[in-house]
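In the two assemblies presented below, chain A is common to both, partnered first by chain B and then by chain C.
On to the complex of A and B.
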């Protein structure tokens, strides 16, 4: 009995924690995958969008006292508008949408947003105190589930499923997938390609913003907070099969569990390294991805 | 108003520094089947792309149904009633036959009639019904061409533009495709075809135009064109 407690419960606990984190990763990765799938844009602003979502929720919390588990809607709405505007104002105007130029523009924009936030809020770390954060549910005698993580897991899961249904079952989603599969004839179907792409970019940004808001109660807030999640979202898009949103979602959950297990057995400092070992292995051995076909 | 559905007058267009069209003047009357013939690179495809708004042009006139369409983006031209079936089919390969057809009915005017539209296309192309759940990318060349045409018809167009519908198909399938096009024409849809397959294209047409180096050089009835010595040497090798 003693030995089971020693290895079994920590394992289950780690897997559980990994899934809880992974749902947030999934949301971030789906946003990135949607943008990549529909526009072939590698969005280096994704982390900055996530960070903005955190700050929006933070300010909203300070001003109204409404916690991020409702405030995420405000983050999502504002980030959608920002994403839409960024596409219409900047990305659409890049001649021929040359990959390299798009990368430079999104990278430059990320720097401007990050430094802009630093200018306004300073570089200090912030945190909000919610009584909820200390709450734990007990499963049996040995397993604990932290309440805020459970809450963010449920919200992220609902939104991920909703996003999946929008992409697979609505006219908008059908148009977005059509553009992803073959952009050339899409306008000939009567699809306003720019509009569909701007909305997709907006939804992608909103997904990052919502994830940011949900991370706020359990994480530190500072202007550079987005970059680590942005790197993870690249891993998810590659692992999930370039541009497949369900692939990215599964990859997010897997990444969460792998990181959690790595921390358990090898220590925290290895978690990020393992992400990139996976990234490089997938890119070199199976570049079409593991959890989804390309542009499904 | 005249019965001229489509009018192009002195259309010039190009890609960057390259000018593809120098002087295209042609008209298509409501109910006609018209074929545009010409060699590779003569400007046939570009002409269709100008009509559907994919390529911007300078022109004295680019009218559809009596209205100037030269400034409209492609998706609005579809709504006005022009369906362009592009060269090489250009299907959505990872979607089913049905979903490709549904995208053909994307414009608001026909969206409510989606089911009836699909049923109509299945009647015209029974093979597509057999393959309704199959991914478009896995169809044979002939089936893909049928699907491309059916997808174009889903928008209930007044004018159907067909770019090289016989491209890469076996002779027997070509015959079948042209028979369908003829049937579509009889149902009241006006058709403008671009073809390298001169004889088959003209055989189902009311009139034809010849494009050379971005200019219309000849026009006439199929009989006149097929009797023309210049055409016989250049396109038929006779």
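On to the complex of A and C.
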């Protein structure tokens, strides 16, 4: 009995924590996957959008006192507008829409946003204090569930399901999937490709922004915070099959658990390295992804 | 390279060697070293990213291996210059491994795979403090004992010269044409008998060797390195942005890009302190939107438009619409 307690409960706890983190990863990854599917580009601004979402709900919290568990809606709305505007103002104007160029613009834009935020807010670390953060629920004798993570898990899950339903059940979603399958005949079917791509980019940015807002209470805030999540979102998109949003969602949960287990057995500092090793293995052995159906 | 270009390049390099005779301020020389260092790194990246059209965003791995090779090997008693070359060898080996895996992928998949490798290298360097010093960093020996900043500057110019001559030679060789064929259409290149995997791998090996020398020079100037500095994604991005800004796939592009970008960054560093990467972003976005072929490419096009028709020819020069030209020469998937 003693030995079971020693290895069993930490394992369950790690898997549980992994799933809680994974739901946020899933949201970030779904945003990236939607953008990739509809536009066939890797969005290197994703981390900057997430960071921006964190700052929006941080400022909103400081000004109004409304905590990020409601403030995420503001982050989402603002980031949607920013994403839409970025597509309409910049990405649409790239000559020839060559993916080389699109990658370059999103990289440049990420530098502008990150360093712009640093100019305004400085490079200092910030954190908000919510009384909720210290609360834990107990499951049985040994397992704890941290309240803010549970809350963000529920919100992220609801939004992820909503996003899935939007993509599978609305006209917009149908148009987006059509473009993802083959962009060339879509305009002939009466799809306004620019508009659908702009909305997709907006939704993708909003997903990153919401995830950022939900991370705010449990994380530090600084201008470079987004890059680690951006790197993870690449992993998720590849794992899920590029462009498959349900694949990215499952990959997010799996990634959360894998990281949590890596932290438990090898130490936290190896979690990201394990992510990338998995990523390289999947890319070289099964580039179509593990959880997705889309062809690479 | 035309006759006139050859004279321009030779003149430029001769003048560059003469700079330390006139400029004595360490600060200015350090900036000029940086300009040449990134010109060399840009030329190195250009072989893979420009001529072969393979968007590598993981060159920080080779840069970092070069830097850490010098630092760690000289720590165990190997003379610095020998360590530098052994480090370059290590970078070439890692490039072979990375290339073998990532060149099987195309487009964004390739870019992501190079990022992943560079990140693994960085994280391993970070997480093995017993070997690399981890986040605390490690000391790097000085490569030059006398009048060091001048020596660094001259070695920067030499490295750029080496990369430049190599590129000029490759550009005219069969190998160079293979690379460009791969950029234009890899499948077609393969179908006419180009061994695309081997050609791409060779370009990466040359590129990695040059990048690693650059990394070692950089490390030795600063005397102290940490993984997050020499192996970061930001470093990879900077190495890639320089030639793309100047004109990817052109001989002069990386040099022009480095002069423009590093000068601009230095000016903004004085105004904005840490947020100087902002100017990189602004320049990159503006170049892609307004000068999609980079600075050098756009200048070359403009010159072509204004060139007079050959004597005796009745045909007037046909101006090419810029967007048509952009579509024709821009990189494909």
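By our rule, the second predicted complex is superposed on the first by the 294 of 296 C-alpha atoms of A that agree within 3 Å, B and C clash if a C-alpha of one lies under 4 Å from a C-alpha of the other, contacts with A are read in each partner's own complex, and residues count from 1 in each chain.
The working rule: a residue touches a chain if its C-beta (ideal position, glycine included) is under 8 Å from a C-beta of that chain, and two chains touch if they have at least 3 such contacts.
If you're wondering where the values come from, they're calculated on a predicted model, not measured in any experiment.
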First (chain B), second (chain C), both or neither touched by A:187: first
Touch check for A:199: first (chain B), second (chain C), both, or neither? neither
Would you check which partner chain A:221 touches, where first means chain B only, second means chain C only, and both and neither mean what they say? neither
Considering only touches as defined above, state whether A:26 meets chain B (first), chain C (second), both or neither. neither
If we overlay the two complexes on their shared chain A, which of chain B and chain C does A:99 touch? Say first, second, both or neither. second
According to the stated criteria, A:171 is in contact with first (chain B), second (chain C), both, or neither; which is it? first
Between chain B and chain C, whom does A:280 touch in the aligned arrangement: first, second, both, or neither? second
Counting residues of chain A in contact, which comes out ahead: chain B or chain C? C
Per the contact definition in the header, classify A:34: touching chain B only (first), chain C only (second), both, or neither. neither
Chain A residues contacted in one complex by chain B, in the other by chain C: 296
Which chain A residues qualify as touching chain C in the complex? 36, 40-42, 90, 93-96, 98-101, 103-105, 107-116, 118-119, 123, 227, 231, 234-235, 238, 242, 269-270, 272-273, 276-277, 279-280, 283-284, 287, 296
Of all residues in chain B, which touch chain A in the complex? 52-54, 73-75, 78-79, 83-84, 86, 90-95, 99, 102-104, 106-107, 111, 151, 155
Listed in rising order, chain C residues that touch chain A in their complex are 53, 55, 101-102, 104-105, 107-109, 111-113, 115-117, 119-120, 123-124, 126-127, 233, 237, 241, 244, 272, 274-278, 280-285, 288-289, 292, 323, 326-327, 330-333
Which of the residues in chain A come into contact with chain B in the complex? 171, 174-175, 177-178, 181-182, 184-185, 187-193, 293, 295-296
